[in-house]
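In what follows, subunit A forms one complex with subunit B and a second complex with subunit C.
Our next item is the complex of A and B:
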């Protein structure tokens, strides 16, 4: 019964957090900019050298999802966490029988729901534009083109959106972890962005360590590769949508989802360890 | 208060505990991550430390992180052209490397980058040293070889991505032929190009011509006869030209009439659908570069 009550409390906090986040001007502005950018990909295509039109639009859309999604994930999570602390509403909430873990989990889920809406909207807009351009392309080529199947695999666009959402989950959990010991908004945002860069590029260090001789340096680089999650794993845009021969196996997608889930839970629990000791 | 209870020690121990937990987590997730990473990495372009430094130096954090790599590479290519117009060879080399690292997929970057390095930069360097009349021929050749080698290195990198792309083999052949005037090496690359699935028909014809240029008429004759037999009777295959050259070689080699090549009579076929624009000029040729 208490577990059910706990879930209810988490759901309520998540729902309120989500509504609060959706009403934020920052979210709406970023969403509009992202949609406008994805929609304008056909304009930017004139600057392209050698990539196919549909491939370019896909790359552009995936880029927008990654870039604006990462910004939103970090800033929204930070704002939603610190709003409660700065407005003292966290005090009221935690004075009631709400555990700090439930508070953190609710905040995380609210932010993660926001990212789900963002990822879904961008993915839908991208799919719409791809569909429009694909239709135009087929109309232009007419019967001269022999097709083995559709030009675009729309399911893959959503697979990419889903995996980015999983990655945003890790990023939001990392942001919560940083926020749990930080005193200011700005510090949390900056540190989280640095962590994002490290997570995105740590694979290069790992590749380098495999070529190193045994020693302290190798040990340190190996440690770095283990401490930070590998975000490059989610950078799978090149293997999706068009390349049928190299299509990403379902087991890999599932592995990535599980990997993301484990790290998300781990960072929320670590945030809880810090937040438990924190005086609000 | 014992030393272990000192706030600094307590804080340090907390940090170390968290790092240890994350380290263990990294080890625990390895069985999930490693197979997934193997699959994902196989489909990703390589990004080395040098390229990242270059990209970060240009303020291209987003490109390095994975977003908008294609469009950033496109804009950088436009900038590369501005640098090319300014004849800044040091920056040009760095920019070509950066563009091809950011987005190695379009062959346009590799081919045009190598053309700039192999054909244009030697001219600039010779002019910097006083011009074609003042610089000794030996020095001019050394510059040509130096620049050609840099272009070959770039094309070799491209071949790692596209080992079957005839255009890249052709490009190496063209540099040997047009810049280094090395017919023997050029012939090797034209032959390699002609053996790729997407090879244009002219690659094999040029190879035969290069054999003739080297005085290897017998080899050229034998090769052209085989080529004529193997090629489909489509307009782009230009079998008429091949036959003309076979006849020229038969005259040069004084082949007796009864031993001369007899082409099979076959109807002219239509160009297969979806066939590459064989022998048609490339749509993306960089202005100012001779083929």
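Our next item is the complex of A and C:
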């Protein structure tokens, strides 16, 4: 019963957080910019890439999703958290029978929901554009291009969107963790971006320690590689959508999702440890 | 119930300010008890630790030393806040929600059953006089309106204990009087109210007991009447007395062994005067509206 109540409260906080984000202009303008960017990739059609055009549009769209998604994930989470502290709404909230973990989980889910809608809209727009250009190509080149399989695997576009969303979840949780001990907006955003870069480049550390001899240094580098999730794992856009022979196995997708989930939960729990001691 | 609504024992709160762990003592060895079904006033100058005390009672801040209980439950437990309403000082709420959505949100957070939510929300919104503005975004509210919607939010789940941190800050005298009425009504329904303020005139006629804080220390505590009454004096208010009559009264007082300490003109408090005048205008205005309304139709 109390667990059920707990879920109700988390759901309510998440809902309001999501509503706040959507009613703010920032999210809407970023969404419009990203849609415009994805759509603008079609202007390159005059260069007549042939089927390469589709690949180009896809890369472009995935890039936009990754770039703007990362920005949105960090800034929105920061903003949604600090609004609550600065406007002292957190005070009113926590004066109710609400656990701090429920509060954090609600904030996280709200931001995660926001990223879900963002990822979904971008992937939908991207698939729409791909579909349109594919039809145009088929009309121009005839049906022969279809001989060795379909040009575009649309399911993969969504698989990519889903994996990016999982990654944004880790990023949001990391941001929440940074926010739990920092006092300002700006600091949180900057530190989170640093962490993002580290996570992107983390594979370098992995390469490094595999070449190292056993010892303290190797241990340290390995530890770093564990603390920071490896975001490179999620950059599998190249294997998706077009490469027919090596379709991505479902188990890989699932494994990545679980990997993301573990890091997300871990960072939220870490945030909770900090947040419990925080004087609001 | 015999357990006091709030019991504070030897409460001390230090904030560390500055770099080298310099401590600032906001609350200093405070002991207080607030009985069930009592209206309790926490008074004190700015920075005397009123808000800090309230936040510790609510478990929003952790005490440095000492204990604090709500109806016998330590305030660190989330459970202790089950039946507590709280209005923070200078409240800001989710600006992008409408007043009604806001109150509803808090009602649901407090697990008000679904079937009762609408009725509960409407009745508190009505109670604080915000029905007209309830469907506007909170971001557009004035200071006093924020305070009122904050009060609605703190009452919506029908809590047994209500804590109001300066409920009348920024509210006009009319609104303050309305809030005082709400507080009295709460007491009548058997609730306990703790409020802080430095507007003493309003507190005086409202609270059963008050505590005065100064630099975090308890200076005085007790029933309002006991604190301010001049024990050995009485005053007579007389109308239409002639000069001879007055001389006779004075003579009688002397003959009876009393001493005429001072003669004053009784004055209406500015508060009461203001309320009287405004009420009169309000009712005239309302009558006017009714008249023009009936003329139009």
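Following the convention adopted for this analysis, the second predicted complex is superposed on the first by the 265 of 280 C-alpha atoms of A that agree within 3 Å, B and C clash if a C-alpha of one lies under 4 Å from a C-alpha of the other, contacts with A are read in each partner's own complex, and residues count from 1 in each chain.
By our rule, a residue touches a chain if its C-beta (ideal position, glycine included) is under 8 Å from a C-beta of that chain, and two chains touch if they have at least 3 such contacts.
Not measured: the values here are computed from a predicted model.
With both complexes brought onto subunit A, simultaneous placement of subunit B and subunit C is permitted, the two fitting side by side without a clash. In the superposition on chain A, no contact is made by A:168 with either subunit B or subunit C. Partner contacting the larger number of subunit A residues, of subunit B and subunit C: B. In the superposition on chain A, contact is made by A:5 with subunit C only, not with subunit B. By the touch criterion stated above, A:66 is placed in contact with subunit B alone, subunit C being left untouched.
Shared-chain residue A:94: touches subunit C; no touch with subunit B. In the superposition on chain A, A:20 makes contact with subunit C only, while subunit B stays out of contact range. Seen from the CA centre of subunit A, subunit B and subunit C lie at an angle of 160° in the overlaid model, rounded to the nearest 10. By the touch criterion stated above, A:103 is placed in contact with neither subunit B nor subunit C.
Here's the short version: in the overlay, subunit B gets within 8 Å of subunit C at its closest Cα pair. According to the touch criterion, subunit A has no shared surface contacted by subunit B in one complex and subunit C in the other. Within the complex, the subunit C residues that touch subunit A are 15, 55, 58-62, 78-79, 81-82, 84, 86, 88, 90-97, 105-106, 108-111, 150, 153.
Put simply, subunit A touches subunit B in their complex at residues 44, 47-51, 55-56, 59-60, 62-64, 66-67, 70, 144, 146, 196-197, 200-201, 203-204, 208, 223, 225-230, 232-233, 235-239, 243, 246, 248-249, 251-252, 255-256, 258-259, 262-263, 266, 270, 273. Listing the residues of subunit A that touch subunit C in their complex gives 5, 8-9, 12-13, 16, 19-20, 23-24, 87-89, 91-99, 279-280.
Chain contact summary for the complex, subunit B toward subunit A: residues 18-19, 21-23, 25-30, 32-33, 35-37, 39-45, 47-49, 52, 61-62, 64-71, 74-75, 77-78, 103, 105-109, 273-274, 284.
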